[in-house]
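Take a look at the structures listed below.
Look for subunit A in each of the two complexes below; its partner is subunit B in the first and subunit C in the second.
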Partner chain A sequence: MLILLTGLLLGGTYTLIALGLTLQYGVARIMNLANGETLVAACFVTFWLYTGFGINPLLGLLVIGPVAFVVNWLIYTWLMQPLVKRARNRGMLEVDSILATFGLLFLFQGLMLQAFGGSYFNYEFLAQPFSIMGNSFGLNRVVAFVAAAVIAVALYTFLYHTDRGTAVRAVAVDPRAAMLVAIDVRKTAAFAFALGGAITACAGTLLSTFYTFNTSMGVIFTMKALIIVIMGGVGDVRGAVLAALVLGVTETLVASLLDPGLTLAANYALFIVVLLFRPQGIFGKRPA
Partner chain B sequence: MLRRSFNVLMLSAALAVGTFGAAMAQDPVRIGVSASKTGPLAGGASGVLWPNIKLWVEKVNKAGGLKVGDQMRPIEIVEYDDKSTPEEAVKNIQRLATQDKVDLIIPPYSTGLNLATAPLIAKYGYPQIVSTGNANDLEQFVKRWPNTFWLLGKAQGIADGIVGTLKDLHDAGKIGNRVAVVNVSDAFGLEMIKTGKPALKQAGFDIVYESSYPLGNQDLAPVIASAKAANPDAFIAYSYPPDSFALTEQAQLQKFDVKAFFVSVGGNLNAYGKRFGAAANGVLIMGGVNASDPVFQAYRKEHLEVTGQEADWWASPVAYASLEILQQAVEHVGSLDKKALNKEIQSGTFKTVIGDVHFENNINNNNWTVAQWNDGVVHGVRATGNLQGAQQPVLKPAWPSN
Partner chain C sequence: MMNIPRKELLALGAGLAGVAVLAFLPLVTEGFWLSLSVNIMLYAAICTAWALFSGPTHLVSLASAAFFGVGTYSVAIFIDVLPFPALILIAVVAGALLATLVGLATLRLSGVYFVIFTLGLAELLGQIVTWVQTNFGGTIGLYVFTDFTETHLYWMLLALTVVVFVTGWLINRSRLGLALRIIGNDEAVARHVGVDTARTRVILFAVSGAFIAVAGAIMAPRYGYITPDAAFNPMTSFLVVIMALLGGTRRLWGPLVGVVPFTVVMDFISGHFPNQTAVIMGLAFLAIVYVLPDGVTGQLETLFRRRRSIDKSLLAASAEEGR
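Moving on to the complex of A and B:
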């Protein structure tokens, strides 16, 4: 039971890391390699707000989310839109966006290095025991899990039960056909990219309450997010959540019953198994 | 991207001080630095190495410069980022030696990068005073590269330190013989466990739980849960900063109470004491300092004033000492002749913030190996060689409930 709960909490953390990218990659079709840097930048901003101004990280979400939304909207319209316009097919856009966001990664890293230096940062927030069925867990991790659940449910409701959300899904499935039914693909894609960025930033805020972070750590999160997004099926929120939970539980099972040294191996073994049997991801649609 | 940034600020400060002296007319002493500003090692290097270089250069230049013979020459730093990779580090050293033609070199951060750059630094004959790395087969290494100097001593001494402390506690009847030991699986963790584990067994300890976890992993709840289930008297983690924090947080959350709780790199950071506050009391860490030494206290104060950043409780003063040794060697020799400098460092004695340092066969054998947190201050409790000022370790109280 302890293992399952620990695993689910970890899965919640992973969900947070991956949800933003699944929107950006699945809908806006931008393979954002600077995803992890966005997350780490939010960690730093949260740290700065909390230690400098005493702003509670949970309140910080209210600032960081919208700001990240605007920043990502601008990034999409200024940096990515030209690539989208000139791309003749999806493959070309993917290559171009990978190169562009690779550059963005270094830009973000450099800016953070200038502002905060390269040392390790962390702070104490809600690092109290929280008891679930007689086992104690970090309250900060529980909060992150709850937030992940809230964000995932809200996102799901939005995508599957509103017109705007249906438009977003239509763009994810086929941007050309979406245009035929009077969906403004550009605006929708920009919206999805911005929303994805905002979710990633919120993830950073929540993660910073229990992770020690520094400027160079973004790539760890990008890798994790990428694995989850591809396992779950690109652009599918349900898939990302399921993949993240499976990954969290598997890693914890392996760490508790076999050897903590094997968590990474288990992680990639699972990834390979999914790729072998469902290369399009758990919920992904087979390309026609 | 090789970035070349002169330390303009330092230089102008030096010039301002020496405006009406002769210093202005003197050629600066050019010192090359290649160390990590990005990549996985940047966290350590920015906490320990870079701020001390800044502090040292500012101090020396404020005092009129580096005394070379009868001249006072300002220091000019030429610095490059090695991006935490050996390839880049080697390229940087090559450039510093051949393009920038620097007078002296401050070697990189970490064992790996120091080992990787040693042959090249030796080729150009610069003294390489290593303050942030160590290894076990140092005698062999020194024979091949006699211009390398090892301030932290041998890895053996550091890995065994905690075993000695536990044995003392056990012999005094204060703790039982059940030990849980975990390590981060990278070069450092593996080297430590390789020497630490046999030492534990030899000292009669029963290893009731042992495991390793991947570098960068901060989700360590299962590790602490398993260690707790094994019901040990002492817990040893050969760990790195992110995981040292994560293990401590989890131990506290899960009420994993042991009489001795030891973390390695990261426990020495000032941020550790800040993060855990009273909960850190009694935590044993790797390394240490003589916190009651007024020279060290003055250094800590200066470090904060000049760099805006707190010195840590192990590596910072050692890094600073390596620069003091370089400075004093130049003063003793009276020139920048590399051969003479190497000879002086081999045989001389140097007054530093970590006390008087004298290398024996290029290795400093007097090192703090274990220390203990108490009310926001770290006190050394065990050292190799003849270091003075060790305090008696106390048993760790139960984690405070918060």
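Moving on to the complex of A and C:
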């Protein structure tokens, strides 16, 4: 039970990371391998705001979210759009965007390494016990989970109950058909990419309240996000939530029952199972 | 009877002459330059092997470090019980096996799955090896003691590079090579004319992976003490991609053009500015995508072709005038 709850709490944050990536990949069609770096950057900014200015990380969300939105929007319009224009087919765009975001990954990682060095960071925020059903958890983990849930629900409401959100989903399904019903695909894609970056950054802020972070851990989180996105089905919000919770629980199970050094192996085991049996995602339909 | 085009015979001659010259290198240099040459030769072998698969299929493999580590560990585990040539064979089998497993799981699906899967593969194997060693083996790390000097490593890597080139050339001439070119041009067409696209890719990935594992096996004596972190260093995968794409993968010798300068540059940077390596690699990736999408050789070829077509049209125009 303890394991299950710990896993679910962790899965809350994973959900946000994966939602960020699924917006970027599912809608804007950019496989953003620098996604983890956005997360790590948000961790560091939160740390800096909290220890330097005493700004509560939850308030920090209000700053970090919009800033990440603008930065990601600029990245999309300046760096990704030329690639979208030049690509002759989906495959070419995939290769180009993977290589370009790889460049960004190393660039960001290098810059953060210059600024903060390679050591591990953490800070104390709401480090007090909180009991759920007789088991005690760090209050910071619970708060992070609740905040993640609020953001995820807000995103869901936006995507499924507003015109703008419907436009975003339409582009995810078929960009050309979306164009026919008067959706500005380019603008919507840029918006989705920026929104995805902002959500990932929020996940980073929440993660930093209970997690020890360093400059080079971004890739691991990109991997996790990708596995969740594929497991849940690209562009599928419900699938991503379920997959994130599954990943969180599996990881916690392996870490507490086997060895904490095997979490990546647990991720891979899930990944392989998904690839072999449901490559279209949990709720996905088989392509015709 | 094989009929080999004249152009390829010329290239063969030039290649043989080049190899002969390179083979004498260790007799005239030593120390720093020799060890730099070993690095260059190492990446020449790995990048060419990488491009065997990733060039025609356009699938970016980030598994080089995984194959390299598998090769290194093939040597480290069995060095006390088997002779070195047998260890190379084990590396070949282990590399091919790993590639086949990864290929069977991912190459039937869209390319992104493959890239993602290979992204964390080295790290995964490193974690597993660490786990096995701490729980069952006692110590992390294995010793590899041999009588090999840098010169021996250099010669072995040179030989490996030659074998990779010959294999690449043979593949190009074979049915497999034809199938690959069709897949590279249009996968739908390939499937319609009866090419088993997944099988072709898996075979090629296995060949490429086996070669990279051999490179890892050859390098094991240089480390002396093998740890998972060193053997499965993910940086190897990224450097290989940068170098090969920088040179260009349209031609068999394309990656070499990237390997030589980039190895020298990385050696200088990691020696003098170790904290800047990530930034330099980031800039290199961006430069490849935005400035040199076909690599240096691809770019030159395009330039050359354009020049020639301009010449031809000028010639045609002047012929018109003369009439």
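By definition in this document, the second predicted complex is superposed on the first by the 272 of 288 C-alpha atoms of A that agree within 3 Å, B and C clash if a C-alpha of one lies under 4 Å from a C-alpha of the other, contacts with A are read in each partner's own complex, and residues count from 1 in each chain.
The working rule: a residue touches a chain if its C-beta (ideal position, glycine included) is under 8 Å from a C-beta of that chain, and two chains touch if they have at least 3 such contacts.
Computed from a prediction, not measured in an experiment: that's the story for all the values here.
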item: First (subunit B), second (subunit C), both or neither touched by A:Leu83; value: second
item: First (subunit B), second (subunit C), both or neither touched by A:Asp96; value: second
item: Contacts of A:Leu104 with subunit B and subunit C, given as first, second, both or neither; value: second
item: Touched partner set for A:Gly54, first subunit B, second subunit C, both or neither; value: neither
item: Touched partner set for A:Leu276, first subunit B, second subunit C, both or neither; value: second
item: Partner chain in contact with A:Gly138 - subunit B first, subunit C second, else both or neither; value: first
item: Touching partner for A:Asn122 - first (subunit B), second (subunit C), both, neither; value: first
item: First, second, both or neither for A:Thr6, with subunit B first and subunit C second; value: first
item: Partner chain(s) touched by A:Leu264 [first = subunit B, second = subunit C, both, neither]; value: both
item: Shared subunit A surface residues [contacts with subunit B and with subunit C]; value: 109, 113, 220, 259, 261, 264
item: Residue ranges of subunit A touching subunit C (in the complex, touch as defined); value: 31, 33, 82-83, 91-92, 94-96, 98-100, 102-111, 113-114, 219-220, 222-223, 226-227, 230, 259, 261-262, 264-265, 267-268, 271-272, 275-276, 279
item: List of subunit C residues in touch with subunit A within their complex; value: 58, 60, 105-106, 109, 111-113, 115-117, 119-120, 123-124, 127-128, 130-131, 134-135, 234, 238, 241, 245, 275-290, 293
item: Touching residues on subunit B, where the partner in the complex is subunit A; value: 36-40, 42-43, 45-47, 84, 182, 185, 211-214, 216-223, 225-226, 241-242, 245-246, 249-250, 252-255, 266, 269, 271, 275-277, 309, 401-402
item: Touching residues (chain side subunit A, partner subunit B) in the complex; value: 2-3, 6, 9-10, 13, 109, 113, 117-124, 127-129, 136-138, 210-217, 220, 251-252, 255-256, 259-261, 263-264
